[in-house]
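The same chain A turns up in both complexes below, where it pairs with chain B and then with chain C.
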Partner chain A sequence: MIIAILRILARRLLAIIPVFVVVTILVFGALRILPVDPAQMSLPPSATIEQVEAKREAMGLNRPIWEQYTIWAKGAVAGDLGESSQYRMSTAAVVLDRLPATIELVICALVFAVGVGVGGGLLVFSARDTVLETVGLVVISAVMALPDFLLALLFILVLGVLMPIFPVNGRLEPGMQVPTQTGFLLIDALLTGDFRAFFSALHYIALPVMALGLAFSPTIMRVLHASLVNTYQQSYILQARLRGLSGREILFGQALKNAMLPVVILVGTQFGGLFGGTLLVEMIFSFPGLGNLMVKAMQTSDLSVIMAISLIYCATTLLFNSLADALAYLLNPRLRNG
Partner chain B sequence: MNDQTILHIKNLEISLKTGHKILNGVDLAIRPGRVLGVIGESGAGKSMLGSAIAATLPRGLAISRGSIDFDGLTLTDMNAKTRRDLLGRDIGFIPQEPMSALNPSLTIGHQICHHLARIGLRTAQSREDRAVELFSEVGLDRPRDLLKSYPHQLSGGMLQRVLIAMAFASHPRLVIADEPTTALDVTIQQKVVELIARMRETHNTSVLFITHDLQLAAEVCDDVAVLYAGRIVETGAARRIIEAPMHPYSRCLNLATPNLSGPKARLMILPGTMPSPLERTVMTGCEFAPRCPLAETRCHSSRPALEEIVAGHHSACHWPERSGMIAPPATSAEQVVPTLGSAMILQAKGLGKAYRQHDWLGRVRRVEALRELNFEVREGEFVGIVGESGSGKSSLTKMIVGLEDVTSGTLEVVGMDRATTPRERFFDKVQLVFQDPQSALNPRRTIGSLVTQALEARDSQPSAAERKDMVAALLAKVMLPPDVAGRFSDQLSGGQKQRVNIARALCSNPRLLIADEIVSGLDVSVQAQILELLRELRNEVGFSLLLISHDLAVVRHVCDRTLVMCKGEIVEQGPVEEVFANPQHPYTRQLVAAALGPVVVGR
Partner chain C sequence: MKLAAMTGGALLVRPDFAFAGEIDNLAIAWTTDTATWDPNQRLSPDPQTILKMVFDQPIDQTSDLKLTSGVLSDWALAEDAMSMRVTLRDDVTFSDGTKLTTEDFRYTFFERLNKGEELDLAVGFGTVSDIEILSPTEAVMHFAKPFPIVAQWLSFSASYIVSKAYAEKVGPEGMKTSPMGSGPYVLKEYKRDSRIVLVRRDDYWGELPLIKRITIEIIPDPTARLAALESGTVDLATELSIRDIKRLQQGDAFNAVTNPIARIIYVTIRADGVFADRNIRLAAHHAIDKSLLSKAFFGGDAVTIDQPTIPGMPGFLPDFHFDFDDAKAKELLAASGFGPDNPVSLDFATTNGQFPGDYDIARAIVTMWEKVGIKANLKVITESQWYELNASAKLPPASLFVWENGTGDPELFAGNMFDADLPFATYRTPEVTAMIKPLLSEPDNDKRIKGYEAFNKFLIEEGAMIPLLQAIQTIGYRKGIELKPWANGLIRPHAITS
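The block that comes next holds the complex of A and B.
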């Protein structure tokens, strides 16, 4: 079965490649249409016209756009994503430097969202046929209407300013240092055994995680609730009850595995939204990740950085779709002999 | 109370929140090792008995009076936890639809071992051994491999065996089987019934057997209780109730069931429908009186009590001894078989159908659904097709109506070659009626507009007045009151809906009517109405009928000739009486033997 899953995953990943190539072409084309001059942006404002021309020649900007794309693609395959005009260093280095922070944020937010979503869904479901269920569903709808950045601002107001429980910007207490090993602050702190730093990092990441996660969780609650209601109408649930299984055994032993399937698909397909949500949330919390970098790159028309980050967004979305497929395959035996 | 009973239901009353009664004053007792059958049509409340015992009544229903004693304990006084502990341990259940009764995402082994753990098998090894032992006992091959399978990999019959194994695993005192064979093929039904009988014997278990099928109850049960409109109308030894019923309802049910042997009489038709719980509340007399052929004024004003007529035989009727006087309607003069026309309505020569299947690598596999079919249907002839699921009945229907292409051989429909003639030329000539009367009717259109729906496909539209006349004429043909025209399908009963479907099919005066299992979802009394309607229409309208059914008796009752299909081939064909009385092919013999009823093991 593991081989079958690996095969599914491999097939999915292979299917991603052409999609990914098309996305690079689209993004590349769109960025070249912008009325900005990458050559000028990559030189100090004091550069002479000759210097700009020379730079333009060197960057290949005089050639037709498809040739430019070929140059970029050749470089990208070799790991060279060009030079960031704003930092004057390799784009790959700039992006990789910020990537772990965002991944950490997104993974934490995902865990939070799934935890709260599944927990909330189960809670609302277990209150079925009472007033509490209706109340729960109304609350879910209300939270669903709030976008992540608005939640972020609300959290800052309530938990950062009115009741200052959580810090509202940065990744770590000022003055605190964690030697970089993996780039993931929480993991690095644990690796060095610095628990004070770990808790500080946890403390700092809490609000952005809650804002991102809470924006995603109501959808999970709704889908899980609806899916459970549907599952409970199936005959095997009644049959389990007739064998004398308790309510808890039926919910966790029989129903949940079947009811989780739509949730898995939902998380897989909507993960892109969560990742994209980091853009505004990171900016609001001055969280030094990809989102913040992207906003800055857009402000300074740092095209190679915009390109690189767009591709990361695209890759994560596609990757999580494939992971969800593999997980669905794992959960549903009927898919396996299809 | 009597120590001799395993289950004793006393004066049970189940009511809706509104106070309307679903079950009313039901008394039942099962002695150790006996099989009690509860017979009733849909709406009689028979499934409520199982739910009441397991405390799984649907929301809005509650036991409002009476008690249920089980093995010396009063279930209705127990708390939920102790009551639940009895389930699966002392009380087992066999469900109606085995295909959906096991969790699709867990292996068979996981599910049965979980159950075995619950009933006290401590180690994983002992559970597995016991599971294998149980599977062998219910006649499943390669039991050890089965443990690793998922439910969707098994057939309905195998799943029902698994479920029976689980139900009997704990040597329960009582097993409740709610229509355990309804969803299965005829030959499998037979085996499942035999299996339940054998398991009951070896485990010395009492069985509560809930069914709508009189014949089946007669074969399986020791005692029978007939339920009508929430009350028991007759109870006694199974043989007696089938052969010498003491209540008009039991007698009518018996006369409404088509037989596979004996003289071919017309089926008894009960007028109207069973009163709903709402209607029952205001009835002062016998609930069956409005439909009873024997009813007198007294029946409408005072309700007869359930009284012992002969030792062990109870009936709730003022005149139980008159029940035997109800005779099937006489075969009237015009019931003579109409002469068949010489024209061929359907002619198949070497007809075949192959599907192409692609697997994920794109490899093409040919699956032959039908092979070398040779048959014909003459004008005005009624032909039955019998066969089990997977025999190719549906593929054949689809080809005749043009939903599937012919892949080999020729098929002539109403004198035109199916493969070369444009599809729309057939629309008025061939009509199809489906199994599920509900889903075939658009719920948002009135019956009047549904019945004449076929007209809308024509170029010239009739005027509103003409259309109205047509609706009236069609409804009259299928014996529906004219006021039905303005109603919607959810306001009709199942039998009425199926009449609407037939009327709609008749709208374009088809030469060929295909009826795909049109009575299999219906109650016995409703089935009788529809079957008799088909026979009436034959004299009146004149069309050929292709009746597809798994029920041999239904085919025998309506058709002149029959085809027997097995695995995509016609294994036998001929006049119904000849085929069913003297089957030649082993498969037909097997079908007939299954339908005639088993010699139940150990009785």
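The block that comes next holds the complex of A and C.
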């Protein structure tokens, strides 16, 4: 079975490549259509028209767009994503410096969202056919209507200002430092055995994780609830009841495994959305990740950085879609046998 | 008597008593990180507060932008403004303990620029043809053409002295990430776009600031900056909304100030197209009620301006005004065949979020213009697009723009705004060029300032631009600290006391 899953995964990953290439062409083309001149951006504001023209020539911007794309693509394959006009540094270095923070945030938010989503879905389902189920579904709908950035502002107001339980910006207590090993603060703190720093990092990441995760969890609750309702109409559940299994045994031993399948696919397909949600949440919490960098890059028309981050978002979405497929394959025997 | 004895005793047992009033740590919520730690690389105003804590400038400025000695104890511009003799203090050291000498001064303002590094410092000092070293503390700057405001430039953005030995050791890339200056603070901790921790150098050559440690939290969102202040995460937050400043002023927990700074908000005008008609240009200016803009978007705290400069700066004419007069605007438009029923149409560009209230101010102007017979089609662009459109002569006839001038000299207002050789000029006519070119190289300061006074008046009477407001910086800070704001918008550690 493992070989079959690996084969599925490999097939999916291979299928990603042409999609990814098409996306790079689209993003590159879109950024070149914008009325922004990367040459002008990379020079001092007082640069003369001649200086800008010389820079444009040096950057290859006067060549046909397909030629520019080829130059960029060759560089990208070799790990050279160009130079950031804002930082006047290698774009790869600027982006890779922020990437671990965002991955850490998104994974924590995903764990939080799945925990709250599955827990909430089970809770609402266990109250089925009662008034509590209706109340639960209304609450889920209400939370679904709140976008992540609004939740972020609400959390800052309630848990940061009115009841200052959590810090509202940054990743770590001032004065506290963790030697960088992986770039993932929580992991680095554990690797160095600095538990004070670990808990400080958890404390600081709590509000962004809650804002990002809570915006995603109602969808998981609804899907799980609907899936469980559907599963309970299957004949094998009736048979399990007739065999005298308890409600808990039926739920956790029989129904949940099958009902989780749509949730797994949902999480996989929506992961890209969660990644995209970091854009505003990171800015609001001054979290030094890709989202924050992307907002700044857009404000300053730092095209090479916008391009690099767009591709990371794209690659992440495609990758997690493939992983969701593989997981669905693992969980669903009908897919395996078919 | 008893009190005096007790104090004397305290001094004997606690030698640090003399530093009473020191602040152990001050946390500041700041809007944006420095893009680079190379202090010569960027002219943008926002990071200057951060850079000035780590690096020193040859000449300093008082809170009202008058020049005062910094690393230079003396400077004397030649009569023809083709050279300037400078004297450096002999007690300035970098944080690595090495002495700052004229070698470092020459390296910063001449050698680095000649090496072809992409430094914004070249904007001001590109005309330096050599720096002749006479001794470790004496040097003469030579210029390829008259440079009458070299002293102002030596106190302006990006003009920080770097260590030649250190710069050669770490190279251009190292300069961007590992700062080492002669300023009062050293970088202790840095997480890009998140936090900067600076620790005071107790061996600093100048007057020691009272704050031992400064933590700068980079918080781009104004709501989050306010939350950080109110939750006690920071002691001071800048660029809060005017509404929040008013609210803080009404409460007891915080101090809040609005600080008029050397930044103006204005409407650029093109000399061609629809604005080739002087009547329409002047009508567009007469139609704008600037007091209403100030009241609506800055709580009335932003000073209205009628000249391309700010009150108190050289070149400012206290008695010159341009009135809001919509009847006059209609009259001028009617003379050119337009009116509310037959409006003149034009495109009007604005940024959205580049500076507080930009888009809303532009919308208000559109409404004011519409009343007199100017139908403006509002287009949102970014700042970088503005430069691109202007360079390709595609900028709309009018655009809302903001201009910063921390030098305290009119050259960086009207001088740069209308110099056709620079990418900022939108109103390009032979008459303007003929007036401005002599001013840029005029060595006689009094004559130069008089020239700018006349030039400013000419620009407004010709309708070459529409000055609107002097921008304000908003600052909220906790009770228990005192702050003296600087007219260039910098937060200076020396200006914060407990």
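We take it that the second predicted complex is superposed on the first by the 332 of 338 C-alpha atoms of A that agree within 3 Å, B and C clash if a C-alpha of one lies under 4 Å from a C-alpha of the other, contacts with A are read in each partner's own complex, and residues count from 1 in each chain.
What we mean here is this: a contact is a pair of C-beta atoms (placed from the backbone, for glycine too) under 8 Å apart; a residue touches a chain by one contact, two chains touch by 3 or more.
Computed from a predicted model, the values in this text were never measured in an experiment.
*Asks:* Taking chain A as the common reference, can chain B and chain C both be placed on it without clashing, or not? Answer clash or fit.
*Replies:* Because the two structures are overlaid on the shared chain, the partners are seen to fit without clashing.
*Asks:* Tell me which partner A:G193 touches in the superposition: chain B (first), chain C (second), both or neither.
*Replies:* neither
*Asks:* Could you look at A:P64 and tell me whether it touches chain B, chain C, both or neither (first, second, both, neither)?
*Replies:* neither
*Asks:* Just chain B (first), just chain C (second), both, or neither: which does A:L242 touch?
*Replies:* In the superposed model, A:L242 contacts chain B only, not chain C.
*Asks:* Name the contact category of A:P174: first (chain B only), second (chain C only), both, or neither.
*Replies:* The answer is second: A:P174 touches chain C but not chain B.
*Asks:* Which touches a greater number of chain A residues, chain B or chain C?
*Replies:* C
*Asks:* Determine, under the contact definition given at the top, whether A:G79 touches first (chain B), second (chain C), both, or neither.
*Replies:* neither
*Asks:* How wide is the angle at the Cα centre of chain A, looking out to the Cα centres of chain B and chain C, in steps of 10 degrees?
*Replies:* Given the fit on chain A C-alpha atoms, the answer is 150 degrees.
*Asks:* Which value in Å is the smallest Cα separation between chain B and chain C when the structures are fitted on chain A?
*Replies:* Here the least C-alpha separation of chain B and chain C stands at 48 Å.
*Asks:* So in the complex, which bits of chain A are touching chain C?
*Replies:* Within the complex, chain A touches chain C at residues 35-37, 40-49, 52, 86-89, 97-98, 153, 156-157, 160-161, 164, 167-172, 174-175, 177, 283-288, 292-293, 295-296, 299-301.
*Asks:* Flag every residue of chain C that touches chain A in the complex, lowest number first.
*Replies:* Against chain A, the touching part of chain C is residues 25, 27, 29, 32, 35-36, 41, 43, 118-120, 122-123, 173, 176, 189, 191-195, 197, 215, 217-221, 223-224, 227-228, 230-233, 353, 381-382, 384-385, 387-389, 391, 416, 421-424.
*Asks:* Once bound in the complex, which stretches of chain B touch chain A?
*Replies:* Checking each residue of chain B against chain A gives 54, 56, 59, 84-89, 93, 95, 97, 100-107, 114-115, 118, 150, 152-153, 163, 166, 360.
*Asks:* Across the complex, what residues on chain A touch chain B?
*Replies:* Residues of chain A touching chain B: 129, 234-236, 238-246, 253-254, 257-258, 331-334, 337-338.
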